Amino acid sequence: MGSFKGHALPGTFFIIMGIWWTLKCIVKYVCRKHKRTSYFGSKAVFYRVDIVEGITIIGMAVIGMLGEQFIVGGPHLSLYNYKEGRWVQLLGWHHTTMYFFFGLFGVMNILCSTIRSLPTSLSKLMFSNALFVEAFIFYNHTHGREILDIFVHQLLVMVIFLAGLAAFMEIFLRANLTVELLRTSFILLQGSWFWQIGFVLYPPSGGPAWDLLDHDNIMFLTICFCWHYAFTFIIIGALYAFVIWLVKTRLNRTCPSEVGLLKNVEREQESEEEM
Amino acid sequence: MGSFKGHALPGTFFIIMGIWWTLKCIVKYVCRKHKRTSYFGSKAVFYRVDIVEGITIIGMAVIGMLGEQFIVGGPHLSLYNYKEGRWVQLLGWHHTTMYFFFGLFGVMNILCSTIRSLPTSLSKLMFSNALFVEAFIFYNHTHGREILDIFVHQLLVMVIFLAGLAAFMEIFLRANLTVELLRTSFILLQGSWFWQIGFVLYPPSGGPAWDLLDHDNIMFLTICFCWHYAFTFIIIGALYAFVIWLVKTRLNRTCPSEVGLLKNVEREQESEEEM
Amino acid sequence: MGSFKGHALPGTFFIIMGIWWTLKCIVKYVCRKHKRTSYFGSKAVFYRVDIVEGITIIGMAVIGMLGEQFIVGGPHLSLYNYKEGRWVQLLGWHHTTMYFFFGLFGVMNILCSTIRSLPTSLSKLMFSNALFVEAFIFYNHTHGREILDIFVHQLLVMVIFLAGLAAFMEIFLRANLTVELLRTSFILLQGSWFWQIGFVLYPPSGGPAWDLLDHDNIMFLTICFCWHYAFTFIIIGALYAFVIWLVKTRLNRTCPSEVGLLKNVEREQESEEEM
Amino acid sequence: MGSFKGHALPGTFFIIMGIWWTLKCIVKYVCRKHKRTSYFGSKAVFYRVDIVEGITIIGMAVIGMLGEQFIVGGPHLSLYNYKEGRWVQLLGWHHTTMYFFFGLFGVMNILCSTIRSLPTSLSKLMFSNALFVEAFIFYNHTHGREILDIFVHQLLVMVIFLAGLAAFMEIFLRANLTVELLRTSFILLQGSWFWQIGFVLYPPSGGPAWDLLDHDNIMFLTICFCWHYAFTFIIIGALYAFVIWLVKTRLNRTCPSEVGLLKNVEREQESEEEM
């Protein structure tokens, strides 16, 4: 993982998952608003989507674990070198452990979608656990490095921890769009920050690396982190607008009048509720 | 911003906004109590007020961003000086970033008031995000300064963070006067503490600055911070009394008997509820 | 306050208040259980009790403030000695500020009991604010002292902060016996820990003070703190048994059969609810 | 306690209790789902189980306290050696205090099951208190030891604190399977981590102890902690499958059709609720 690609790959994965989860929770929200789940198919569709999602996550996790173990110079499943009396490639094992917990999340996702007696919040619990474990491992990951390296990883730990907290809150606050978007915003931020770490520590241009001891770089990365976060919200806003536009276009074509009526009633009920 | 005026301006802004939000949430509370929104106009009035508020905040944020960028000695939108190989005016960029997030909050405020399908809690989320980002940037702002300078900024970070937490709690606890007043009290405290920082670091009298290494000054500013907080509550109490007096005077003139009856019923229901 | 009496006095105050609040919340709980508020008088009784409580707290706060200011060697309301260019008796001002916030709580207690349009949670808010301010000031109080002195004050800060958190939780969880008892247990612990600090730092026997640099003393005070906490729960248990015994004796004398019936019904409903 | 057995014993205790609580909360969950408490006997069964549980915990706590006090080299109830002017065996007293709080929890468990006027959340409160006190004492336990020793105890403190938090959350969130399983997972993790500490600090094989200054060992124990946590979830999953299999086998034999119908209705209601 100590390369630009090693940071770009998980970054891309989290950005894709973030966009996917953002779309899913906006679509679910719109369905709840319109109380027209029949239009988007029955709830079974969502369960099937969750199963596909779970399989994808398990696949990614297995690929990640195998990749970490069997790349050139990887630990190849050996943990302790008895000859030399030292641990083998512990950083690789760290990453393997992270992937394993995401794999557990994928398994739980499938179980919660197939076995109905399991509460769905268990899948949320495993998700927040996977994120907390990731934050915990990254927290103990950068021992003895330069301050800028530690700083960018601390920010990463912070955003992962916050994503875990948001996922944990969803155990109790089901179907709350605000918390769901907060969680996906942290997932997106995590993805784009992985890219940023790659650019800072292993510049792909082949140019000289950043000065890891310069405090001005820390000052800049502080605001750079905020810009990534602002960008995250712009992406979410664009996705929201896209979903709403899609729904409106297709719904208006099929049943324009009914929707209009529904929305007026809802509007009043909602404004009643909001006061 | 490294001047008395640079601290007095945002201080004044937060005090005005704090007073405004205090008035708004007390008026809303009184409306809920009297269930007489028709008297104060329909809910549309509150939405229109939110739009005006959003436009004001965007205006302030844009002015702040332009001011930070184009004052004499500002960065003028250049981020990196390639000739000298160093960042340009990072503190100015820090402030610009803070203003930008408040601008995002203003935009979301307008969107949540115009597009009814958006949940209003999204506007609360952007508000708490703006405050958390402000706290995060101020936390990484005072690198390598004197202890008193760091201490007053730490207190600032604390109060901004608490304001963010209170705003975050409002996502789940709608229409709870206590939490709303807690949030506005922190906003007011933030405003008056900006003034205090101005007085400590850049005395406007032209006299000598405070001794930034004296521990007695820290001990004094600890209680000074508490006095500001006590003062905040006195202002809120005065505003509350003023709104109640205003409502009573005007309501009694138009429909004294009806109100009296309503209040007695409410009083009993409430006391029932409180036990 | 730098004496045994200076710690024993607030300790006694908090122990008395803790016992009082414990009794009050147990009595309220029993009233709610029996739905027989008429027996203990109308709710007006509780409001009157709150007013008396508020007046007592204000009285204590004013006595504390005057005592801190006008004892021999106190600051006598002067804050800054312009001749010598230094602050006057800042520790005394620290204590004055703490008392002032408890005074504010007393005022709010009276206001919330007399003006019914105010939500009672505002009084809880001022209570938790008074405790948080006390914790904040004590946190910045022990600059440059010995480790044992700092340690006992850190434990004090911790228990005050936890009491503040419990009081803050009561804003949202009204009439929850468990949280109320948690809060009163922290208040009692705070009181008895004030006594312990007095014994450690200013032994009343006139013997030599404890060795403030000995780590074994820290190890002992760690468990001593836990014993105080265990003792707190034993006191609360005794008070609970006393109130229940009192209620049973007096209720059985007046209307034994009715109560028995009521309790059976309740018992089943409750056990239904608990599963 | 400074031996392998001294860590293996509490470890075994927590693992057994963790498995027991996991089974109990899964059975309770299945009962709630099937609304067939009559099958598993009346609620009185659960109260009787709680009483037996309380007696067991009190027994364990008393044995632990006596063991700590009267083992060879223990303090034998003497706290201060006046001759030599030093505390006697403070670490032994630390453990005695921890056991005492678990004893208090056992007492409260019995009281809450026998005296119905007590809210059951009080027993949860005492449980979280016992865990918080344990975390607090362990936090102040490892003064002046090697970094690896401190690190493994820090992880122990973390998991105990998280178990306390989960138990505290149960005060407000009754009958929530996810939070209950989270708590039992932390209890199981605590138990297995006690074993791990024993293996690290006092290798039972008689071989040389681990290098307490090697940073690679810290890196390894970080992921080892995560593996223990993953293992915990696998145990819980197996217990869940076992209970479900047991219930299905026995229910199907007695009343297959009725159960099937019940489950279909539930399934739909639940899926309705989940959206």
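In this document, chain identifiers A, B, C and D correspond to the written order of the chains, with residue numbering beginning at 1 in each.
Note that in this section contacts are C-beta pairs under 8 Å (C-beta built on N, C-alpha and C of every residue); 3 or more make two chains touch, one makes a residue touch a chain.
Just so it is clear, the model here is predicted, and its values are computed rather than measured.
Comparing the residue numbers each copy contributes, subunit A and subunit D share less than half of them at their mutual interface. With respect to subunit A, maximal separation of chain centres occurs for C (centres as means of Cα atoms). Centre-to-centre separation between subunit A and subunit C, using Cα means, comes to 44 Å. Separation between the centroids of subunit A and subunit B, computed from CA atoms only, is 31 Å.
Chain contacts: subunit A has no residue touching two or more partner chains. Those residues of subunit D lying in contact with subunit C across their complex are 28, 31-32, 37, 43, 46, 86-87, 90-91, 93-94, 97, 100-101, 104, 116-117, 119-122, 124-126, 129, 133, 136-137, 140, 143-144, 171-172, 174-175. By the touch criterion stated above, subunit A contacts subunit B in their complex at residues 30, 33, 173, 176-179, 181-182, 215-220, 222-223, 225-227, 229-230, 233, 244, 263, 266-267, 270-271, 274-275.
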